[in-house]
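Two complexes are shown next, each including subunit A; its partner changes from subunit B in the first to subunit C in the second.
This part shows the complex of A and B:
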């Protein structure tokens, strides 16, 4: 069974951001706040980001149970969240 | 005298003290400023509130209030009705504050439906939920939620614009149902060409007391050509055929791009598709482009081509991770056209 490691997850999350935000996302630090680092990352863009990550990894984010604002505020946190969800699904 | 003229021009452009400015989104052209009066806002809230919404205890507003739809139902209606409003557009991830037994109004643009679907357990605390939807076509999730959450949830689409306010409405129904024609609001009247054929598309031109004042005018226009092509089905009802600007000729064949859009949505509900005319090219002639996102589903270019085999082919089919949208949920034309490879047009 193919498992994906943290680096692969991070690269795929970054690719999601690059498709929407181009060059600004290419140099993104893992701990940079997305709303500060990416021009145009407003509430609508944040929702699109979460939805695109769901599509990329085949997961569904729990908007009621999970702190979505926290987990999707940086590339690093998103990667951590996705890794946990993918591991949960594989378990 | 010159100073007076200058001041008059300035006050027209900036608005009089009691006027409320709204800018068109620019999604179908250059952004322009329009002004509305408080009594027009109140009239629209009362009209739609009485006819479609009924009494409410709480408003969940997903429409940014700098645009007319969000201002009307996310600011004016809560103020006039004296009920709390949750500005969900500003923080879509915040928990919805719905208390047991409340009658809820949800003010929706396309992105709202994904969030409402995820918050369905919260909505189920309410005794009733009415959703008003405007700004762009409802996404498949809207139709699905209306089916799953009936009879708790009923929903209506509002057709309108910054210039006109709400023009007409129709129910938002589960997928596969025919929502039927648009019904005009009672204070809207149609201006029709007496020589026009009884059937067939014609441009929708309206009159009404809720038309806004343009930036460069001293009063609202007597009538307004909406740019929509419609087929009238009754004295106060019509079907929307598309935008006037969305009727193009590809190799001599008329193509209503709204019909192309409908076909793609019907055949490929799992994909998100936007169809736009390409800027006219005197050599290549008129053409159109399909932007699409599979949203993680197994859809390919071959499926798009197969869905459109009844139409002249698009000149480009552009796959995107997601469809970029403006703050009101309309497809962001500038961002979409930036994705086109000019060499292949």
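This part shows the complex of A and C:
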């Protein structure tokens, strides 16, 4: 099975954000809070973000059990979350 | 009624900008040639642009569906701002407006809803004035059917058959025609009867009312009447008296108040006062400075405007939410209720969202649920009369306020109010509600917010609650809907069964209780844990880290109280 490293995951998550937020996402720091760094990152945009990440990596997020507001609050945390989920699926 | 309570305000302030207020403020400044006085027009543009949805339309607030009204207000207000400050929006709203075109020739406020003259007016202005497009030819046949027997124009063809003429409907219809034709071509109504009806709404004092039988002149009605007459190349019977009546509405700070005896200079009064004087060709230079200064003082930190000085801009939903969440002291509670009870217009017996705008069905339910008019039986009777005698649409449903096409949120709110205060005399009206509900059924036991919409959990539960309050409903259908939208980890989703939200979960528990169905307390507790925030509030969804505001905090708190050993009952609220 193909495995993906952390850099590849981060780049693909960033691409998801760039598609929705354009230039504002291009210079995003890994630890920047998305709701502060991206204009218009409201509850609806957050949902679109999570759904797009699910589609990009073929994972399913548990919206109640997974503390989504923590894991999807920065690029770095999302990357870490996705890596764990992809590894779980590969195990 | 006196409005002294409103002068100081003992309600609760949300601190947020409001779209209607922002549109009215920008438009007023534009008419006065004073948009340049805006200290930071780009923040206004940012607020307006934040209302755009991915479908291209605009909504009243983030997360709500697009509608024709919000789309016109946002696109027009953005166009009024200086060119360099408008920022960028996602794209044209034209395709979205066309998606709300109704086969009968009018436009609906949202796709799938019945057409009404409010929506048609906003859609036509957006298409013609913002995007330079032409409305459909069938529009003129639809407009022609709005003339009622008394010569005035009504909200919809069905309203016209019942004879419900209103000055606002006249203005919206005449302006839609004028905008679409440039004033050329045949008028789709009997001109003499229409102008005679409109002129007949002017009182001896000089102002206008909306409808025959109204007893208090109002600046909004005066603006709409003078505008409609102007577009018909007519003037009021007594134009000088009209100008004098309008100028008599100027308050001590140099801006306008809405009607005699009302003390608050608000943004809608400024909009209506300036707009009406402009239509009458009156001098504006003498009043401009006072109006501009007052309107600019209504800006909020969010970038847009509210209806009055922000520190005093209470609203009924926020105040009711605080009351139901138990945030007031006993004295504060009494004062907040007294303030809420004063939010009633002279000619309209429902409760307003903000003092000075029209009475709204949903806000009336929130206010009554919070305790308003609990010891005032005559006021409750007047509210029931307003619902059954004025607001209920010919299809049996209710819209947000008078003349708006029916939707499930408002219809369920009306059913709950009538169940609570209506008594035996409203049985026929409740049966009519059931007819509207039936028109929104998309599959057995599944309902949409409007007849042509998609089914959702909330619309389904609201429909079944409304039926329960009217002709009765099968609790098994509620159980099936809850099973379809139950999220495994906790809570309920409005669509599908993956993303739970606070509002859908509130509706789910409320409906289960109403039908005596069992629900899982642990499942609800897990969901509440996922939306409880560090600032001691509640988020609308598990995705957000901060409180969703007073309404979300109220719903979360009431669910906590429902889980408490006392099992406090949930108020039968609807929101969206």
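The rule is short, and it goes like this: the second predicted complex is superposed on the first by the 91 of 91 C-alpha atoms of A that agree within 3 Å, B and C clash if a C-alpha of one lies under 4 Å from a C-alpha of the other, contacts with A are read in each partner's own complex, and residues count from 1 in each chain.
Assume a residue touches a chain if its C-beta (ideal position, glycine included) is under 8 Å from a C-beta of that chain, and two chains touch if they have at least 3 such contacts.
Note that the structure is a prediction, hence the values are computed from the model and not measured.
Superimposing the complexes on subunit A yields a three-chain arrangement in which subunit B and subunit C clash.
Shared-chain residue A:80: touches no atom of subunit B or subunit C. In the superposed model, A:69 makes contact with both subunit B and subunit C. Contact with subunit B, but none with subunit C, is seen for A:56 once the two complexes are overlaid on the shared chain. Contacts of A:16 after superposition: subunit B is touched, whereas subunit C is not reached. Comparing 258-266, 294-302 or 330-338 from subunit B against subunit C in the aligned model shows that the clashing stretch is 330-338. Shared interface residues of subunit A, touching subunit B in one complex and subunit C in the other, are 42-44, 46-48, 62-64, 68-69. Per the touch definition, subunit A reaches subunit B in the complex via residues 16, 19-20, 42-44, 46-48, 51-52, 54-56, 58, 62-64, 68-69. Those residues of subunit C whose C-beta lies close enough to touch subunit A in the complex are 46, 50, 54, 62-63, 487-491, 498-500, 526-527, 530, 539-545, 548. By the touch criterion given at the top, residues 35, 39-40, 42-44, 46-48, 50, 62-65, 67-70, 72-73 of subunit A touch subunit C in their complex.
On the subunit B side of its complex with subunit A, the touching residues are 89-95, 111, 114-115, 118-119, 121-122, 294-296, 320-322, 324-325, 327, 329.
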